[in-house]
Amino acid sequence: MIGRRYRFILVAVVAALLGGCEREARSFKGRTSANASKEPGVSRNPYAGNAWGVGQGKRLYTLYNCVGCHANGGGGMGPALMDDRWIYGSDDASVFETIARGRPNGMPAFGSRITESQIWMLAAYVESMSGRLPMDVLPSRADHMRYSTPENSRRARPPQGAPKGADE
Amino acid sequence: MGRRRALWACCAVMAAAASAASAGCAGPHHVFDPAGGPARDIAALGRLLFAVCTVIYLLVIAVLAWALVRRRTEADGSVETGRRLTRAIAAATIASTMTIVGLTAASAVTGHGLTSPMGPAAITVDVVGHQWWWDFQFRDVSPDEFVSSPNELHVPLGQPVMIKTMSRDVIHSFWVPNLHGKRDLIPGQVTNTWIQADRPGVYRGLCAEFCGHEHAKMAFEVVVETPQKFKAWIDHQRESASEPADYQERRGRDVFLGSPCATCHTIRGTTAASRVGPDLTHVGSRMTLAAGTLPNTRPHLATWLGDPQSVKPGTLMPAVPMSDADRGAVIAYLRRLQ
Amino acid sequence: MRQQAVAGHRSIDVSGLPDQGAFGPSGLIWWGTVGYMVIEGSMFVMTLITYFYLRLKVDAWPPSLSNPDLFWGTVNLALLLVSVIPNHIAKVAAEAGDPWRVRWSMLLCVVFGVVLLIIRWFEFGSLNARWDDNAYGSMVWCLMVLHTMHLLTDVGDTTVLTALAMSQPLDKRRYVDVSENGLYWYFIVAWWVPVYLTVYFAPRWL
Amino acid sequence: MMPPLTFDPRRSGIHSRARGNGPAADGTAAERAALEKTWHVPEGILGWFSVVDHRTIGRRYLVTALGFFLVAGILAVLMRLQLAVPDNQLIGPDRYNQIFTVHGTIMMFLFAVPVMEAMGIYLVPLMVGARNIAFPRLNTFSYFVYLFGGLMLLIVLLLNSAPDVGWFSYPPLAGPDYTPGKRADFWAQLITFTEVAALAVAVEIVATVFKMRAPGMTLDRIPLFVWAMLVTAFMIIFAMPAVVTASSFLLMDRLVGTHFYNPAEGGDALLYQHLFWFFGHPEVYIIFVPALGMVSSIVTTFTGRPIVGYTAMVLSLVATGFLGFGLWVHHMFATGLPQLGLTYFTAASMTIAIPSGIQIFCWIASIWRGTPRFTPPMLFVLGFIAIFVLGGLTGVTLASVPFNLQVHDTYYVVAHFHYVLLGGAVFPLVGGIHYWFPKITGRLMDEGLARLSFWLLFIGFNITFFPMHQLGLMGMPRRVYTYPAASGWGPLNLLSTLGAGLLAIGGLLFVWNLARSVRSGAVAGDDPWGGDTLEWGTSSPPPVYNFLHPPVVEGPNALWDRSADAPVVTGLRTDCREVLITDVVDATPNNRYEFPEPSIWPFLAAVATSAMFVGSIFTAWAVPIGIVPIAIAVTGWFWPKRKEAAA
């Protein structure tokens, strides 16, 4: 009987492992390499499936005053980030490029002002704003004034007009 | 016989443990090594508590030992013995109640003395907790700006200092064992406490409330100096950063201002004015780096800048990619910022 | 005769005692019901204390400055109070062992329960804050959801008991269940009064 | 020496008959066979999940809780290894924080409370002379909910997703902003799991003690262990709703964006601390009070005399239960609450030392008066007194606000509560396991090994935890994953780690002794120690129906006060699971009640409940959807079988 019980437990453990467990890992090392040359469409965001990375991105978003232009996703001087319109591409690499190199009409280049791993964290958070990331990775409300529905309660809005498979 | 042996063994263990414990009351942050009024009062109360408790403990153990080894008699089962035992229990209960009342009174008296300083406070310091560093802000030195002294609190000797505690993120706790007990830093609230040091020196403070990954590496130094020296220090802190003196330091400044460093830190007198991380205007004059984690020396600064995540895993400070020459220049510049 | 005298012992023969339990505190089931009522009552108390604790921390309550609409909540209160009547009839009938009175009054209880749940739906719609607007909204929703969960549980419980009563001959055991279920309904009605006052009148009066 | 049977057969249904001269032998055998068949423990896989027998569930609870204790012990050893030397690189902060959080959480929620309840589930029905625990299906349900909750925590620990915010999970650190992901949610939901289980057991114990006591067991004859479990059950009932409230608020803040703890939107971070400690302090007594009951049982048996001051003991237990709710703020002295209130809490916290003191005095008086036998259980009790008195006295120092401000959240507190919990609760528990092991298994534990493990545990314990007092005074805060060499904390930490090694060896020896004695221990017989409570009056291990005839109690020490012709209860049906329900105060027989048969539904209900709990970590929709299978399972659980309905 006992042996059978252990087998159940084992199965449960394996099942949970297969469910994908890296969402909670916290890699403090980050990437430190200076060569930020990214082939568009090739690189993937290391933090896109990682709750901690997205959470760090959310903190940086406030600390670096992204709020100043984009508000809390609703847009202001800059475009809204919580909708399904991605002017410069919705794939990981494009979002990275947008932050790192800037875009015309006001988006500054942050490539020299924040590190690469921070850009990835920010990019992951930006992707989470439209509810695109897995449910268990999306951030919840912050400890300040409420600005909108928390990311994990928003309806997911897949990017519009993005080339098929760009997310892959 | 077995029980005698057992008793001896117990005593030996207790004695060994006690001698291990009485390793002296020194050390950099010992509760019984007070350097200020509040800590002194608490230490006195602590000694009283320990004395009373030790006596009670020894009494209980002695009575237990007697109860175990005493010779049994015929009369043990009698009603009279039962009555006597009941009386003994009642007496012991009354004695412990009175002890409790006494200790509560002693503690209330000491507590009352801790609520506020005798005289007016010399200065007020805002203590702001961050994950995982301290910001000490002196707001009453000049009307429009404040002096920020991260991870290093300077106070004048012999004068009460008001402490206003607040937190930017999670709950921390401000604690300088040599000076006073703890006060929590709670987001959404400002609470007050005070310290007063009567012995010059450098005392270490610690975060005493679990605040995340680097709770262990969130310390600070309290520098107690004469009022004159304190005045000189604060005047110096008000000044802008020193200018770089040579080519390398100039290069270091330029690298700093053009790199991610300037996105988070302030160096007054330059364009770097962000309050995400600690103010670096006078970083060269501080005793430690990374909130009391490393001594502020050139090699340690190099280690810290080269790979903050291995010194303090989880800190918000990233490793900023730059060439060794650039980093050397930045280090030279930061050390210039006395 | 089932019981035997045992060698060397006097015996206390309990075979003449009522079997299948007893009503009220004499029976075992009452203690289980009351045990859970105390537990859930403590949760209500904790939540209410929290409400007033948070109330004391701020100046404006509710922050939106509009008070919650009274209509649906008051209808709910009135209906809950009326629902005590069929509930009481069922409880008394169960203790008297009257199967048909138990059946129709239980059925009436179920109808009341369903109507109450429907009204509760409208009540949620008429609240003046969302749960994620601010602490006031969180608190109000918490109180309402807590009470609704209890309502739902007891309506489910009553439905199952009614189904049992309709489909099977009733015995003493079932009567005890009906009686304790009635007790629990009193508990739910009783808790609505402070919850109602807190949700609807604390913003007005405090 | 006690008045004989004061039981008064008032009720019409009861006949007190003269001693039977009947042909008991085959009658009894037939009765035994019938009871055996009626109360059988089901077999097979399905049977394993359907058991409603309190002894089986109690054993499972005990084994599971000890398993969790081992896991938490291993985590403790890992922590000690990390802290053995300054600047150790063995375990990083991320892992260390998970380890200390899970260590505390397991010890408090998955070991200490369940293990005490396990002893209660097993022993209380036996001690009060009942055939089973009240609401046996609820009992089964509670076990599986507890098991699944515990497994969830172990699984997430293996997945590097374990909670890392401390066993107390203070927001905002544990809130949505500072602990993204699901780590803290697993903690909060584990609380729900364990509280659901614990509350169920508490209700069962209250009902069992109040309504199922053997005739004649009036309130002043209830064994002290049963009193202790009763007080514990009441404390659980009043304390645990507070922590469920606190953790549910936390979960809602994290999942659906409520603002209970968000000061920017009218919430309050300290609210959590009030709710948590309103539970947290009674929690300590919930763990510790049953242990007091075990000590009383062991002291009575091994001094061979009724305990001195039974009434004082009972009143002390009850007083502890009440006072335990009045001192939660002494965990929050450093938060800056008003000074006057704090003085009240100082007084209250110190006052609770008095009932504990009274019990210590009573035990010492009992030992003084009786003739102590130095069996292993008694050794553990003596070790308990030596350790617990020290822990209690450091508790008095902690109650003092000014001193508390210095040592709060330092290793001084770590030392204090290990003295109180390990010394005050685990030592009696281990003693109690040695004491009741023969009743549970029918075999004795090896005495030599028991003595050896006692000394290793006792010495190891003191070497591990005594230096921590000093470390705390030297300024070492709790929950640090490392410390610099300059702090001067190195040597004492190393000593403590060495002590932890001894402690671990002692613990393993105890487990080894358990494992081998189950199979090959000396056969114990019904009553190896000469105990006074009813469980020693039946065979070892007890039959599935506990007592052939429920006994009638004639004095506070049921077996010692039993007259030669003590009456027993007859007339309960043997063809169904009928039990006797008695009155609360004087335990007069009142009615008979049929207990449920084994059933798979409680297990299924536990599965459905667990699925809903785990699901609601990820989405709020799990609640409305998850309620459906729960409702189905619970309906199946309470739906009567045809046979029953027809009967």
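Order as written gives the chain letters A, B, C and D; numbering starts at 1 within each chain.
Everything that follows uses one rule, which is that a contact is a pair of C-beta atoms (placed from the backbone, for glycine too) under 8 Å apart; a residue touches a chain by one contact, two chains touch by 3 or more.
Computed from a prediction, not measured in an experiment: that's the story for all the values here.
S.K.: What are the mutual neighbours of chain B and chain D in this structure?
M.R.: A
S.K.: Any idea which chain sits dead centre by C-alpha averages?
M.R.: Central by C-alpha mean position: chain D.
S.K.: Which pair wins on C-beta contacts, C-D or A-C?
M.R.: Most C-beta pairs in contact, of the two: C-D.
S.K.: Taking the mean of the CA coordinates per chain, how far is chain C from chain D in Å?
M.R.: 30
S.K.: List the centre-to-centre spacing of chain A and chain D in whole Å, with centres computed as mean CA coordinates.
M.R.: Their C-alpha centroids are separated by 44 Å.
S.K.: Go ahead and note the Å separation of the Cα centroids belonging to chain B and chain C.
M.R.: One centre to the other, that is 52 Å.
S.K.: Touching at least two other chains at once: which residues of chain C meet that condition?
M.R.: 132-134, in rising order.
S.K.: By residue number and range, which residues of chain B touch two or more other chains?
M.R.: Answer for chain B, listing residues that touch two or more other chains: 169, 187, 313-314.
S.K.: Give the residues of chain D touching no fewer than two other chains, as numbers and ranges.
M.R.: Residues 94, 172, 177-178, 256-257, 259, 262-265, 268 of chain D each touch two or more of the other chains.
S.K.: Graph of touching chains, which shape: line, ring, star, complete, other?
M.R.: The chain contacts form none of line, ring, star or complete graph.
S.K.: So in the complex, which bits of chain C are touching chain A?
M.R.: Contact set of chain C toward chain A: 132-134.
S.K.: Which residues of chain D touch chain C once you look at their complex with the stated criterion?
M.R.: 7, 9, 11-22, 24-25, 27-28, 31, 134-135, 138, 199, 202-203, 206-207, 210-212, 215, 237-238, 240-242, 244-245, 249, 252, 256-260, 262, 265-268, 271, 274-275, 278, 549, 552, 564-574, 578, 580-581, 583-584, 589-594, 627, 631, 635, 638-640, 644-645, 647
S.K.: Chain D touches which residues of chain B in the complex?
M.R.: Going through chain B, the ones touching chain D are 2-3, 6, 9-10, 13-14, 16-18, 20-23, 25-32, 39, 41-42, 45-46, 49-50, 53, 56-57, 60-61, 63-64, 66-68, 70, 72, 76-77, 81-82, 85-86, 88-89, 92-93, 96-97, 100, 103-104, 106-108, 110-112, 114-115, 131, 165, 169-171, 173, 175, 177, 180-184, 186-189, 191-193, 204, 206-217, 293, 313-314.
S.K.: Would you tell me which residues of chain A are touching chain B in their complex?
M.R.: Listed in rising order, the residues of chain A that touch chain B are 26, 28-30, 32-34, 56, 59, 63-64, 112-118, 143.
S.K.: Which bits of chain A are touching chain D when the two form their complex?
M.R.: 1, 4, 9, 12-13, 16-17, 21, 23-26, 28, 51-52, 54-55, 58, 135-137, 139-146, 149-150, 152-153
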